[in-house]
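Per-chain residue numbering starts at 1, and chain names A, B, C, D, E and F are given in the order in which the chains are listed.
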Amino acid sequence: MNPVFLKKVLEFYLLEDAFFGDATTEAVSSGSIRKATIRAKEDFVLAGAVFIEPLLELIDEKFSFRLFKGEGDWVRCGEEIARIESSVKTLLYVERLCLNMIQRMSGIATKTRKLADMIRQYRAKVTDTRKTTPGFRFFEKYAVKVGGGVNHRMGLFDSVLIKDNHIHDAGGVKKAIRAAKASASFTNTIEVECADEGMVEEAIEAGADIVMLDNMDTETMRRIVQRFHGRAIFEASGRINENNIVEVAKTGVDFISIGALTHHAVWVDINMDLE
Amino acid sequence: MNPVFLKKVLEFYLLEDAFFGDATTEAVSSGSIRKATIRAKEDFVLAGAVFIEPLLELIDEKFSFRLFKGEGDWVRCGEEIARIESSVKTLLYVERLCLNMIQRMSGIATKTRKLADMIRQYRAKVTDTRKTTPGFRFFEKYAVKVGGGVNHRMGLFDSVLIKDNHIHDAGGVKKAIRAAKASASFTNTIEVECADEGMVEEAIEAGADIVMLDNMDTETMRRIVQRFHGRAIFEASGRINENNIVEVAKTGVDFISIGALTHHAVWVDINMDLE
Amino acid sequence: MNPVFLKKVLEFYLLEDAFFGDATTEAVSSGSIRKATIRAKEDFVLAGAVFIEPLLELIDEKFSFRLFKGEGDWVRCGEEIARIESSVKTLLYVERLCLNMIQRMSGIATKTRKLADMIRQYRAKVTDTRKTTPGFRFFEKYAVKVGGGVNHRMGLFDSVLIKDNHIHDAGGVKKAIRAAKASASFTNTIEVECADEGMVEEAIEAGADIVMLDNMDTETMRRIVQRFHGRAIFEASGRINENNIVEVAKTGVDFISIGALTHHAVWVDINMDLE
Amino acid sequence: MNPVFLKKVLEFYLLEDAFFGDATTEAVSSGSIRKATIRAKEDFVLAGAVFIEPLLELIDEKFSFRLFKGEGDWVRCGEEIARIESSVKTLLYVERLCLNMIQRMSGIATKTRKLADMIRQYRAKVTDTRKTTPGFRFFEKYAVKVGGGVNHRMGLFDSVLIKDNHIHDAGGVKKAIRAAKASASFTNTIEVECADEGMVEEAIEAGADIVMLDNMDTETMRRIVQRFHGRAIFEASGRINENNIVEVAKTGVDFISIGALTHHAVWVDINMDLE
Amino acid sequence: MNPVFLKKVLEFYLLEDAFFGDATTEAVSSGSIRKATIRAKEDFVLAGAVFIEPLLELIDEKFSFRLFKGEGDWVRCGEEIARIESSVKTLLYVERLCLNMIQRMSGIATKTRKLADMIRQYRAKVTDTRKTTPGFRFFEKYAVKVGGGVNHRMGLFDSVLIKDNHIHDAGGVKKAIRAAKASASFTNTIEVECADEGMVEEAIEAGADIVMLDNMDTETMRRIVQRFHGRAIFEASGRINENNIVEVAKTGVDFISIGALTHHAVWVDINMDLE
Amino acid sequence: MNPVFLKKVLEFYLLEDAFFGDATTEAVSSGSIRKATIRAKEDFVLAGAVFIEPLLELIDEKFSFRLFKGEGDWVRCGEEIARIESSVKTLLYVERLCLNMIQRMSGIATKTRKLADMIRQYRAKVTDTRKTTPGFRFFEKYAVKVGGGVNHRMGLFDSVLIKDNHIHDAGGVKKAIRAAKASASFTNTIEVECADEGMVEEAIEAGADIVMLDNMDTETMRRIVQRFHGRAIFEASGRINENNIVEVAKTGVDFISIGALTHHAVWVDINMDLE
C-alpha cells in the first residue's frame, strides 16, 4: 500500500475513535512501559498484523515490536501473533483500532482461504467485488489477497465493467464496447456483464477482454467456456457459496467472484493482554 | 448527524470508490434521465436510506427522490424502498456506495432488532461496543439505534471506561476513579469494568456511575444487581448472544452490550433497478 | 491530547501563519544554530509549554529542548520557562505561534487559578463553557484544567444539555428528557438548564443527572441544593465573577461555570530571546 | 475573504463544536421552524455578522435571513442585529459558533474603534500584529479593519519584517536588507525593527520601506520622524495603550501597532432568542 | 471526472492562488454585475472550457454562463469561447485560474491533435505518459483525450508496467510477470518494457498483454509486430516526435506514446474581456 | 518553503500518482537495496533537486542520499546530480515524481537564466507572473528564483495589483488606489497596470508604489521612466521575449515580467539509473 495513503487512512481511523483525546487513559495512566501480547482465541488465517507498526508510529516514536506470524499464516487458538513494548498510553490508544483491523481482515482472509481451498485443483480463482464496507475497502481487498483470492477491480476508476444499465444507455453491447475503447485508457481491460450466451457472443466479437457470466446455471457456463475458449477471460458471478463453488469451478471459468467474501465475513477472535 | 461531518465522510467514501472518475460510465453513458428503484430482496429492518439524498447531492443538483419506507421499518421482500430520478451518470456514480451503506446498516439494524425484541419485556436494553469497522463507526452505531438498541460511548473521547489495564496502571480501582474525576469533564460518566463482586463494591464506593459486569455468570450478576440496586447503572458484557440474552436480561441489568451487533452482522439483500 | 489530532491542528496553525513560507527568514537567515530562551515577563500560571516540542518537530528533526517549569506551575517574572537549541530558521518559524499559544493558554490558566483559589475551601469547582475562540477550543479547555478548573462538556457531541429552546421544542422538560434518554448514548449525562425551582423539581423527577441553576440568586440556589441534596449534580451559571463567586460557592453547588475564564482572559507577557 | 477559504474554516469550526453530531438537538428537536433574533446586550461596534449566512448554508439550504446592522456600525444595547428563520435544528447547530464569532470579533472591533477615535485628528493609524489566537487570525484581523484599523502583514508569508534575530544572523542591517531584496518578491515591502536612531539611519540608507520604532520614547520617535521625513513609513510599536497613544500619534508616525487589539480584547455581550 | 474529486482539486487550485482572499478585488470592487467574454487569440483545439462552470460555482451561486465551443473543437483566432455574467468579484476571483487551465489544456490538446492527424490513416493511436506536471495530471491526461489521443495508465495504481528495474529485481521477465499475475488485480493489464526482440518474445510467452517497444529502430519494430501479430498490443516508445511519428506508425504498432504531449506543450493564447 | 506546506503538497502529488498503491512494484519487487543515480542528459540550470530528500522521507525512513550539484548550478550533459541508496520499492515509488519535478523546474530555471543573462548589464531584472500550472505554482515560482529571476507577487493575496477591470469598477485610478490604501494591509505594495503615460501620471500622483507599463513600445517606456524617475518602481509587461528583452531593458525599467518563463518553458532531459 502507498505509505502516504496508508498514513492518511490510519489517521482518519484514529480520529474516528479518539477525536481530540482519550478521556480515560489521559486521566488515569502513568507513563509506565508495558508489554502487550496479541494472541489468537480461535484458529484463523492472519491478515492485518503488518499494520500494527505504522499505527504505533502515529502515536509514538518509542516502542519495540515483534511479529511472530506472517500475513496469510494459519494461526491456531492460543498462539502469539505479536508483542509490543511501549508506554501504556500508546498501547491503549491503538489497542481497539489495532484489534478491529486484524479481526475484520482475518475474518475475510479466513473465509477466502476456505473457499479458495475448495477449488484448489481447478483453474478458477476466487475474486472479490465492490461490496465492501465504506471507508475500509482497500484493507478488505488486501485481506482477500492475503486469504488466497485475487482482486477484481479496486473501484470505478481502474477498469471498465459494462453492466446492463450501461448497455441500455449506450444502445447495445457493441456500441458500449466501442465507446469504452474510444474513451478509456487502453491499459484498462473491458469486462461485460452477460445474462446469456447471445450476449457473450456479442461481447466477445466486439472485443471484450473479460466476460462476466452473471447468474447462469453451471451447464450454460460450461458450454460458453468451451465454445469461446481462449477468446476471453470468464468470470462466474451471482450467489456462489460453499455449496456450489466446486460445481462452478468445474465449468472451467477463470474467476469466481463472491460478494460474501466481504459482506458475509465475520470477525475472528483475538485479544491483547498487557503483562 | 452533523451535516458538515456527513458531507465530509460521504466524500471520502465516494473518492474511495471512484477516485478521479468512473472509467465505464464516463465513456459509455449519455446524459439521459432514468428512474431507479431500490427494492428489498428479503425481509429486514431498514437503516441508511436517509443518506441516499445527501449522497446524490454530492454528485448532482438535479434529481428527484422519494422514500417509501422509514428508518427502522420492517421492509418485506419485494417492497420498494426508494425511487430516484436523475441522469444515468449520477445514478451509476452512487449506486454501489448507496447499496453498500444500506445493506450493511440494515444488516446491523435487523440483528439489533431481533435481540431487542427478545428482551422487550425486561428492563435491559441492547447496546453496542467500539468493535466497529474502521472508517464506518458512526453509521454502524446509528444503525444500532435505528434497530432499537441504545448506543454505548461513541469512542475514547466521550466518556470514561476504566478497564483492567487502567486499574493496574493507576494502582487500584479507587485511585483510577479518583484520577478520572479529577481530570475528565464532569459531564462524562465513569464506568468501571469489573471481574467480580469485590470490584463492583469497590467501584461503586469510589463513585462509579456505571459498572460493567464482565463475563460473569447470570447468578453473580443477579446478586450484584440486587445488592447494589439504585447505586449504579449495570451493564452486562461478554459473549452474550441469542442463546443467553434472555437469561442475562432476567438478572435485572440495565444494559447488555453485544459486540456481535456490529462484528457478526451480515448484509441484507437489496438491489437498484433502472427502468 | 490525541497525538494525531494535535499534529493536525498544529499544522493548521502553522499554515495560517506561514502558508507557503516565511519571506524574511528564508531570505535572510543562515543555517546557524542558536539557543533561545522563553522567559516570563510577569507572574502567571503556566499552560501550553508542553506543545513547544511537538511544534518544533513539525519543522525540524534536529533540535534540543529543555523545559524548566511544569504545566500549572506559578512562574515568576524573569524566570526561565524553556530553552531550545536549533537552527535559527526553525526558531523563527515557530516563535510567534509558540508564544501565542503559551500566552493565551497561560492567561486562561491564571484567571482560572485565581477563581479556583477563592473557593478552595468549598465543595464547588470552577468549570468552563463552550464560549471559546473558534479553532482553539481544545487548547482553551485544556488551559482551564491546568489552571485548576474542571471541564464542562467539550462540545455538542459529548453530553446532553437541554436548554429552554429544546424544552420549548420538545413540549416540556419531561418530554425532552425522555427523548434524550431514548436517543442519546446511555453513557452521556443529561443536564437541564433551569430557570426556577419548579423546573429543577421537574427535571430531577424526570431523571436529569445535572441541573443548571441559571441566573438564580444565591438564596434560591441554596434552597434548591438543600432540598434536592444527593439527587443531582448542581451547576451554578450566569454572570458569576470575582465579586460573587464565594457567595455562590457557599450555596453548596457542585460546579460554577464561568464563560469569562475563556472570553475575558487576556494574555500573559513572555518573550523568547536568542543568545 | 476567499469563499473557498471561508467555507473550509467554518467547516473546521463546526466540526470542533459538533464533531459527528449534536447529542441534544438530534434527540430532542422536532423539525419545527422558528424565528431567532440576535440582539445586543451592551453597546459595541459590530463585526462578524456577515458570517452568519455562510454558516447557515453549511447546515441547511432552507432558511431566511435578515441583517439589520452593518459591519462597523455602533450597535446599542437592546438593538436587533439579525433575524433568522429556519428549523430549530439548524438554529441550535450554529447558535454558539455564530455568537462566539460575533462576540470575539465585535470585542476586537470595539477596542480598535476606541483607540482609532482617540487619534482621529492625527496622521497615524492603528494597526495590528501577529499576536492573534491560533486558528482564528483572519477573522481577528478582519475585525481590526472593521473597527477602523489598518492591517499589518497577515503572516510570515506576505511581507518582509527584519527583526533583531534576523539582523544578528545576517551580519548586520545592510546585509539583511540586501538579502531580502535579492530573495523576496519585489512586491513585498521590507520593514526593519529598529531599537535606536542609528539603526533607523542604517535601515533607511539600505532601502527599508518601513521602519519600526520599537519601544522608543516619544521624543526619540518625533526626532526620527522629522529627520527622515518622506524617506520611509514609520510604525511605532511597543506597549502602546489608551494612556499613551495620543502622545505617540503626536510624534508624526504613520502607524501605531498594538498587540492588545487582539490579545487584550474581551467579548461583547449578545444573545440569540427564539420566538 | 468524479464531481467530488473535481471540486476538491479546484478548491486546492483556488486556495493556491487566493489563499485567504484577493487583496485588490476586495478593496476595490463594487458588487456590480458584468459580462465577460473568453476569446481565442490564436487558432487551437479547445480543452478545459467545461471546467469554467464548476469553478464559478465554488465562488458564487448567482451567475449565468454560456459556452459557444465544444471540447475538442478547433477554435479560430478572434472567436468567442464562452460568456459569463456575474459580479465583478466573482469574475476576478476565477479569471486567472480559469485562463491558466484552458491555456495549458488547450496547448496539450492542440499538440496532440497535430500528431494524431499525422497518423490518422494508420492503425496506431497517440498516447501519453506519466510525465505530467505534479498536481495537474488528470487535467493534462484529459486534454490528451480531448485532442484525439488515448490515455495510457493514469498512474502507478491502475495497471501493471514492468520496467527494467522491476525485471532486474524480480530475477527475469518471466518471474516478474508471474509475480504480477499472482498479486495484481486480474482486471489490470500487464505491460512489459522491452529493449529487444528477445525480451519481446519472452514477455509474450509469459503472458504480457502489452509490449512496449522501447527506443527501437523502426525496422526492428516492424519485424516484431509482424512476428507476434495478434498475440499482444504493441506500444512504441522513446523520442518520437513530428519528424518520425509517421515512420513509426507505418510499423503497425497499436499505440505511440509521446511524453512531449505534456512536457513540451506550451500555452495557447486567449483572454477574458469585461464589457 | 514552509516544511509543513511542503510535506502536504508532496503528499498530494504522491497520491495523484500512486493513490492506494503501486500495482507493479508491490507485486514484483523484493525489498533489496539498490543505488540510483540521477544524471543530466543535456545541459541545463538545475532546480528542484532539494526536494528529493523530503520526498523520500514520505515513503521511507531508511535511505542515504547525496547531492552533487547545487540549486542554480549549470549542469552538463552526463554529469551526476544525485545518488540515492534505498530499497527498490522506495526508489520506484518516487522515481517519476522526482524526475517530473526536477525536469519541469529545471526547464523554467534554464529559460529564466538565459533571459536574465541577456540583460545582466542593465538595471532590469526578470520577473514572473501568475501564469503557472494549477497545483504547481510555488515550485514554478521557486524555479524562477533559482534561475536568477525575482518573483512577482505569489497570488491574489499578497499584494495589490490594480488592473483595467478594477479601475473601471472603482470609477477611476485615483478612487481605486484610495480604496486599496484604505482596505489592504499597509505592508502591501500597490501596483497599477497602465496603458499609457496619462495613466502612469495619475497612478503615481495617487500613490502607486509600482507601475506596470503594459504593452507599451520601448520609446514610451523610456520616456515614462525618465520623467517619473525615483517616484515609483517600473515593470515592463506584455509579449517580451528573447528578441526584444534587451531593448526593453535599455529603457531603464526595474522589472521585466515574462509569462513565458512558466508557460513556454519545456522540460530538461534527465534520467535515474539503478545499479
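Here, contacts are C-beta pairs under 8 Å (C-beta built on N, C-alpha and C of every residue); 3 or more make two chains touch, one makes a residue touch a chain.
Small disclaimer: the values here were computed from a predicted structure and weren't measured.
Visitor: Which neighbours do chain B and chain C have in common?
Guide: Where chain B and chain C share a partner, that partner set is A, D.
Visitor: Spelling it out: a chain qualifies if it touches chain A and also touches chain D; which chains qualify?
Guide: Both chain A and chain D are touched by B, C, E, F, going by the contact rule given at the top.
Visitor: If you tally the C-beta contacts, which comes out ahead, A-F or A-B?
Guide: Output for the comparison: A-B.
Visitor: Work out which of E-F, D-F or B-E repeats the contact pattern of B-C, with more than half of the residue-numbered contact pairs in common.
Guide: Going through E-F, D-F or B-E one by one, only D-F repeats the B-C interface.
Visitor: If you average the CA atoms of chain A and of chain E, how far apart do the two points sit, in angstrom?
Guide: 31
Visitor: Just the number, please: Cα centre separation of chain A and chain C in whole Å.
Guide: 44
Visitor: Roughly how far is chain C from chain E, centre to centre by C-alpha average, rounded to an integer in Å?
Guide: A distance of 52 Å separates the two centres.
Visitor: Counting only residues that touch at least 2 other chains, which ones in chain F make the list?
Guide: As it turns out, chain F has residues touching two or more other chains at 2, 18-22, 26, 93, 138, 154, 157-159, 161, 182-185, 188.
Visitor: Pairs of chains that touch, anyone?
Guide: A-B, A-C, A-E, A-F, B-C, B-D, B-E, C-D, C-F, D-E, D-F, E-F
Visitor: In the complex, go through chain A and note every residue touching chain C.
Guide: Per the touch definition, chain A meets chain C at residues 11, 14-15, 18-22, 26, 58-60, 93.
Visitor: Write out the stretch or stretches of chain B touching chain A in their complex.
Guide: My answer: residues 9, 12-13, 16-30, 32, 34, 88, 91-93, 96-97, 99-101, 103-104, 130-139, 155-163, 165-166, 168-170, 176, 179-180, 182-185, 188, 263-264, 266-267, 274.
Visitor: Show which residues of chain E lie in contact with chain A when the two form their complex.
Guide: It comes out as residues 2, 125, 127, 145, 150-154, 157-159, 161, 182-189, 191, 210, 233, 254-255.
Visitor: Spell out the part of chain E that touches chain B in their complex, as residue ranges.
Guide: 1-5, 8, 138, 154
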